[in-house]
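Before I ask anything, here is the structure I am working with.
When the chains are written out, they are named A, B, C and D in that same order, and each has its own residue count from 1.
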């Protein structure tokens, strides 16, 4: 699909917007609709759009397969790690109130970390699944 | 006004679902499934579940459709209906109509409709659903968590265990896809262990010439027998 | 002032609705994919555009209007590109547009009492072909 | 309201049965997965319509507007995660379909059964 000038130019403009929007959804999730799940999916959609237009090989130069796999496991680690930190600080597992001096502040912090973990997992998982489907049956990748 | 929108969206959903049943081309069916997801996202918005609508629009209509299309690129999008194959194979077999599934579906649906007669009224604040933990979330989360979006605070804080489990499920699904799709790229590692390298080569050729061309050929019977033979040969070796 | 804003917003919303209906009729009535795309494009750009402008009048000078402007810009950027990509994909898959001499308007699609120039063209072609033979 | 509520639930039952019908009457595996998706979405709609309160608004707290009625946030939370889990499991199912296609050369359920039984197809 390398001869499609209009698609390539449009994708180059759209993809950064989508990724930025994913981050907006992630950090605006406390005040409006949004959160880790949606942000991860939107981020993955941006990457998938890029690879549909520019091909899997170029996409995997930008975001290699092992990075996506690492992200999928890191997110779960961040999520569970937040719980363990709360445990070590003297609270219960996933009880964020003890994370900071003020319980409400602690809750904010805990939700932030947990949502980041969810986002990283979801984007890693979606991109990994897409990579595996797209690379199937193609020896060159 | 809201009720009119509700009615229209539900009717469109029903029509789209019927279209998914009727369409024989898988590509068109996948596209209808995408439309179905978008319509249900609209319905979720009308029903005040904006977070769910957002997720459904991004996941159901976006990622899900892309994955389905990626699968269709690998498996082909033509459905050979049982009817067509049976008439191609033999003229003696009478046409088969899905009477029994229809009967099962009608009976189950009838029982479920009978069950809905006892449901509490739609949208009534006195329903049992709205009087258990939901009032606590709505009244207390403002100063317990301090996050305006109640869905986020319930998702991440009150029901953090739930969400952690779901995240793990998503991760496990990715592991499953990796195991299923990465181990062999056109080569059967299981066969390699059982039958040795050269037999696997033979098997590969068998797959290609049995199904590469004869998928489109009018008589699929021959191709299947050929493949059977090859398989047995491989098994004996 | 609110009355003017409300009136403008209603005009825009109704206009957007009209364009969406026109697009839907076009998708059903047009003969092949390219002409259908031509009709469906109106839904994305004009229909959704007018509806968003109408909502902006309702929003007034606020953050909502800014967000709607962003949505409008994104829509006007992405929907022509997607229409173009669809048309290119159709061409690449081997489906060519109906040229006017191939076009046969089915009887069910004709508006009674209307003269279609395509019919005259088809007859002229047929006549010239006979003469050559 | 009573009629609307029942209508809502009836459409949900109808959608669920459409998905169920695809699941048990169609032989194509991709079609079966589409049927499962429809089934799943109908359950989502059922949950969300239970959480709706007429005259309510989305459960995002507004400061100082007096008495505001919010719809129930709990079904939203449950379904929000269920959607993402649903697409992940769909991906696993689709990868199984891809493997079946590679092993058998077909994704029609009855042909696969016939091959497994070493019988000529019906």
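Definition applied: a residue touches a chain if its C-beta (ideal position, glycine included) is under 8 Å from a C-beta of that chain, and two chains touch if they have at least 3 such contacts.
Quick caveat, the model's predicted, so the values are computed rather than measured.
When the C-beta pairs in contact are tallied for A-B and for A-D, the bigger tally goes to A-B.
Per-chain CA centroids place subunit A at a distance of 24 Å from subunit D. Centre-to-centre spacing of subunit C and subunit D amounts to 33 Å, using the average Cα coordinate of each chain. Subunit B and subunit D have CA centres that are 7 Å apart. Along subunit B, residues 50-51, 55, 59, 63, 67, 70-71, 74, 148-149, 151, 155, 163, 170, 173-174, 177, 181, 186 each make contact with two or more other chains.
Within subunit A, contacts with two or more other chains are made by residues 31-33, 35, 37, 41, 122, 125, 129, 132-133, 136. Contact with two or more other chains is made by no residue of subunit C.
Inter-chain contacts, as defined above, occur between A-B, A-C, A-D, B-D. Chain contact summary for the complex, subunit A toward subunit C: residues 4, 6-7, 10, 13-14, 17.
Considering their complex, residues 31-33, 35, 37, 41, 122, 125, 129, 132-133, 136 of subunit A touch subunit D.
Residue ranges of subunit D in contact with subunit A, taken from their complex: 58, 60, 80-81, 83-84, 88, 91, 94-95, 98.
Remark: subunit B residues 50-51, 53-55, 58-59, 62-63, 66-67, 70-71, 74, 143-149, 151-153, 155-157, 160-161, 163-164, 167-168, 170-171, 173-174, 177-178, 181-182, 185-186 touch subunit A in the complex.
Listed in rising order, the residues of subunit A touching subunit B in the complex are 25, 29-35, 37-38, 41-42, 44-45, 48, 69, 72-73, 75-76, 79-80, 83, 94, 96, 104, 107-108, 110-111, 114-115, 117-118, 121-122, 124-126, 128-130, 132-134, 136-139.
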